[in-house]
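Written below as structure tokens is the structure these notes are about.
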Amino acid sequence: MYQLGVVHRTIHRADRAAADRLAAFGSATVHEAMGRVGLLKPYMRPIHPGQQVSGTAVTVLLQPGDNWMLHVAAEQIQPGDIVVAAVTAECSDGYFGDLLATSFLSRGARGLVIDAGVRDVKTLGEMGFPVWSKAISAKGCIKATLGSVNIPVVCAGMLVTPGDVIVADDDGVVCVPAARAAATVEAAAAREANEGAKRDKLASGVLGLDMYKMREPLAQAGLRYVD
Amino acid sequence: MYQLGVVHRTIHRADRAAADRLAAFGSATVHEAMGRVGLLKPYMRPIHPGQQVSGTAVTVLLQPGDNWMLHVAAEQIQPGDIVVAAVTAECSDGYFGDLLATSFLSRGARGLVIDAGVRDVKTLGEMGFPVWSKAISAKGCIKATLGSVNIPVVCAGMLVTPGDVIVADDDGVVCVPAARAAATVEAAAAREANEGAKRDKLASGVLGLDMYKMREPLAQAGLRYVD
Amino acid sequence: MYQLGVVHRTIHRADRAAADRLAAFGSATVHEAMGRVGLLKPYMRPIHPGQQVSGTAVTVLLQPGDNWMLHVAAEQIQPGDIVVAAVTAECSDGYFGDLLATSFLSRGARGLVIDAGVRDVKTLGEMGFPVWSKAISAKGCIKATLGSVNIPVVCAGMLVTPGDVIVADDDGVVCVPAARAAATVEAAAAREANEGAKRDKLASGVLGLDMYKMREPLAQAGLRYVD
Amino acid sequence: MYQLGVVHRTIHRADRAAADRLAAFGSATVHEAMGRVGLLKPYMRPIHPGQQVSGTAVTVLLQPGDNWMLHVAAEQIQPGDIVVAAVTAECSDGYFGDLLATSFLSRGARGLVIDAGVRDVKTLGEMGFPVWSKAISAKGCIKATLGSVNIPVVCAGMLVTPGDVIVADDDGVVCVPAARAAATVEAAAAREANEGAKRDKLASGVLGLDMYKMREPLAQAGLRYVD
Amino acid sequence: MYQLGVVHRTIHRADRAAADRLAAFGSATVHEAMGRVGLLKPYMRPIHPGQQVSGTAVTVLLQPGDNWMLHVAAEQIQPGDIVVAAVTAECSDGYFGDLLATSFLSRGARGLVIDAGVRDVKTLGEMGFPVWSKAISAKGCIKATLGSVNIPVVCAGMLVTPGDVIVADDDGVVCVPAARAAATVEAAAAREANEGAKRDKLASGVLGLDMYKMREPLAQAGLRYVD
Amino acid sequence: MYQLGVVHRTIHRADRAAADRLAAFGSATVHEAMGRVGLLKPYMRPIHPGQQVSGTAVTVLLQPGDNWMLHVAAEQIQPGDIVVAAVTAECSDGYFGDLLATSFLSRGARGLVIDAGVRDVKTLGEMGFPVWSKAISAKGCIKATLGSVNIPVVCAGMLVTPGDVIVADDDGVVCVPAARAAATVEAAAAREANEGAKRDKLASGVLGLDMYKMREPLAQAGLRYVD
């Protein structure tokens, strides 16, 4: 349940080094490293493919059809932040375009994750400002009602606390609690350590059935082969 | 409510110069310039990114699974037109492919906006024929039942009258009534006039809060800052 | 109704030459050549545009959130196969990523059609491994419950029997029964034979109304022209 | 394309007798009698089963989350009217509850058809006020922005002009243009005239195949029977 | 992949006694007794609550917007059958109303399961004819194109073979292969045998944790209690 | 972000008297009294109409297809509680049926709000156990993976903390934070105080336009009347 009309200027951002390193692992590996929690619903899609970022969350709660609080949020952005925007009701309006992106970029923002629509998508692509959204819509917004900045929000079904690490790429968006950022880097690194060796084996024709020693558990589970 | 089996050969097209100029502003600016009306539902998406067109509407009413009237519509196309197709029921079939696109192009059409599916999307991209649609489907159509051409139609929730201006790009599709085309050009131009200056300011780090003088109305609305 | 826990090692693959030739016609032409049957629902979309393949189906039935059987299926892949994966319940999890793709490629697979989600989509694009799916999700899978391999499955609303030919491109995915593969090649070739001539005529300005002799049947159906 | 901020006090209502008589035929028969046009999308559902009404349309255009214009519309209601409400954007908020229903009833309204949400549904059922809507939601509305009353609106995909006849029951909602109301009564009556005889025949075991003489056209279409 | 234009007059119906007995267990118990397979997608809902039936499947494949084959199917109905209708493409039209229901009832049909829309729902309720459908729509159908009767069809994602047992109630629709009908009766009866005892225990306040001896496996899985 | 495998036995329940009194106001009035926050998404619907309850939340986090934690939750229920269940991924399976309802009732539960599916809906109706859910499905669950009990969960887009008050009826489900329960009772009572007088006025034909003194602000906003 949300408190409206509040801006928290002081938030506890996750460790910067950990927040920065998580991008390279990608959302799928980070999600695994977290024990398969933290993923926003898969309807959150990048508006342009190929972007891969991580950063600390500045959160915004918006009202339907009203993007006033995105201007308020801009002032709270620090270099390395990703803005995470939720709306108090379902809305596909275009809350964000090239002017706000210019402002966010000048504050050091690395991207936007918004549970609503955006516009000026062609220009956003040319600017290289990464956005994950639920919709694209030319419909702009008014500036009339208060939401909040830097309160915990529910974005695409996931609770995001200000300062959490956001990892986003073509596979989706994952939220890593600030307190778990460093441990997640380690767990993700451990997962990746032997991926190269596995990939080489599989490329050479070794089957996952053998590499992962699955034949016996499959047989025990009752798998039958028929010729 | 639709009349079936009628082709209107004479329609009142919007002023050509205005219809041509609106493309450059893009759907988001035009939608604002119209007072935030005229936008088709955001499920209408370009089948290839990067297209940006405007033109006068030739409308078609289609029956589900039947694209006969698109051939009838082709004859009514004049250079600078965009075909706007509605269907009498929900349908995702592929009504339009490379052969019809070839025919439309030879008549001078600038694009197609269709509340249904299309196919041959790879070839349409190679031809550079812009299409906004609700779906993509390999399923072709029969040619058996009458619809109409150049009657007012409801396309993706918006009423489109023959001769209206259609503006379409990556952000969506907007319909500008013929009678308002010239005024909309002016309003859109006015909106754009000082966008460059705004962008420069924001890029230099000036906040929207200050540039738009939002701090006082936000305080009056009750916004509280917490450290 | 599915039998769980069975792997059929011997399947009757469609004629190889026919299976290989169908890719070039594309899904739309093949769907027409089949008499407009065999199309999977249009929510099945390529994760990257521009891929166009055909091949023989190796089928997999998966459990929700569990991709164990994809490893079992890998062993049954022969060069020229396309894996077709169904799930026993709605699921958008990411069942397939770059490691499985490496394994599938090493077995000679030409692609994957899956009624669920995939991940590592950027890497899959770099690898050039074609995938058609219902969703993209970073959420991985467990390996705990049995499904089946090479039984008839329902994928995106279409019954696919092992050995059937799958034709997939930007327009969608079509299933051609093995027994009809050769006849479908002929029918598709016949359809294409005079497409070039038609395209030239339409490009020169001849109307489909005249080329297809539609004016009389339209008049008989009651079409009225109004000036 | 809508004009905002206008209330038309004078509308041309369909012939009262015809408007009143259409309820008894029901939406399915009226839709047939119209030649299968005029049906609102099937997501428009009654909030309580068993209601069956017809009346003349008073139309309202609403803004998202704002029900101010429903109060404006109330004054324009005459006995025998049905209020048809559209919204300028997708919205599922609860625009209408028991107080507005009390007011509408006191003006003689026969029901509400709204392309959005309503609330107080239990009380509305107890009051016997018929409503067809897209959603049910406890979320109320503000009263801040202008729409219009008695302009043509697009409601659930259908163009409704003030004064048209609305026929609504458990099967859906149909719009009959005022000018066609009388003819539609006749056509609907003609359709119903021999329904009783048909029903008796079918109940006695006569097959539709024989009653409608379908066997020959089915055979000509190529239907084969296999034992 | 479907064959069009064929009616199979001879089908192998499941054992009548087994088909009749399954209704009493309900879809949930039968689905469990089958090992959790056979359930049609949950968007298949009864048009009226409280119906609970089982019977042998007569299958129909329909074309979009065309209900001709339902008349053909009527002749193939035997007492105790349930008609299962699939469509070759997504369609929400109203394929079935009170006249067809009268005919089906006179043939001894126990219900209809249709992956499309129906109409006359109020009358169908008064007649007590049970229907499970994807939609309700006043839009009627034409009678122009061939489908098939009594071929295997995919209905709401499930493969249904003519003669299979259909069990349908407020929880959904399950398909039991004819060959497994008798065994499923036994398995369902075994499941139900001690349900009464369980219910009494739970009603008396015994926890499922204790009745099912879950405390130890939960602890082993790592569940921690915090005060 | 969720912690898995934890059961909090001690939660701070909202004031009992306040929690009990809120039911009578209904979800719409409570939502208004809260300042229009706290509403779960409107896809949460009662499985039977006419139920109206309030109570203190016991929360459960479930895994997809697994209802093990509902048994764990049962032990934490105290008289006057409503169980609020979230799932870590989208799932429509039937997590809850008559046996669990028997157990919940014996513990004093007043209802269930679940962001997934339930089954045995006919029996649940006969038992009078109120349920709000996203889906109905005959598909049962396994008992294999840990979730948590009495942690904050996101249910249908809303953050619910254990001990919050849940108010649910035919209009939807609202969550009132424990700390605001008493104040919300007062605000709701104040709203209701003069509803009777308003209703009488409106019933007598007084327009909302006059009763709420809207004519002047409408005129100031620019509303024009046209004859």
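Going by the order they are written in, the chains are A, B, C, D, E and F; count residues from 1 in each one.
As a working rule, contacts are C-beta pairs under 8 Å (C-beta built on N, C-alpha and C of every residue); 3 or more make two chains touch, one makes a residue touch a chain.
Here the structure is a predicted model, which is why all the values come from computation and not from measurement.
**Student:** E-F or B-E: which has the larger count of contacting C-beta pairs?
**Tutor:** E-F
**Student:** Are the interface residues of chain C and chain E largely the same numbers on each copy, more than half shared, or largely different?
**Tutor:** Homomeric contact, same residues on both sides for the most part.
**Student:** Where does the B-C interface recur among C-E, D-E or A-D, taking recurrence as more than half of the contact pairs being identical by residue number?
**Tutor:** D-E
**Student:** In angstrom, rounded to a whole number, how far apart do the mean CA points of chain C and chain F lie?
**Tutor:** Computed value for the inter-centroid distance: 44 Å.
**Student:** For chain C versus chain D, what separation do you get between their C-alpha means, in angstrom?
**Tutor:** The answer is 41 Å.
**Student:** Can you compute the centre-to-centre distance for chain B and chain D, using the mean CA position of each chain? Integer Å is fine.
**Tutor:** Their C-alpha centroids are separated by 29 Å.
**Student:** Chain B: which residues touch two or more other chains?
**Tutor:** Residues 36, 90, 92, 139 of chain B each touch two or more of the other chains.
**Student:** Would you please name all pairs of chains that touch?
**Tutor:** Listed by label, chains in contact pair as A-B, A-C, A-D, A-F, B-C, B-D, B-E, C-E, C-F, D-E, D-F, E-F.
**Student:** Give the list of chain B residues in touch with chain A in this complex.
**Tutor:** Listed in rising order, the residues are 26-28, 30-32, 36, 39, 42, 45, 49-50, 52, 169-172, 174, 195, 198-199, 202-205, 207-209, 212, 214, 218, 221-227.
**Student:** Okay, in this complex, where on chain C does chain A touch?
**Tutor:** My answer: residues 5-10, 68, 71-72, 74-75, 92, 94, 97-100, 102-103, 105-107, 117, 119-122, 125, 135-140, 143, 145-146.
**Student:** List the residues on chain D that touch chain B in their complex, please.
**Tutor:** Going by the criterion above, the answer is residues 1-2, 4, 34-38, 41, 88, 90, 152, 154, 157-159, 161, 164, 175-177, 180.
**Student:** Of all residues in chain D, which touch chain A in the complex?
**Tutor:** My answer: residues 64-65, 89-93, 139, 144.
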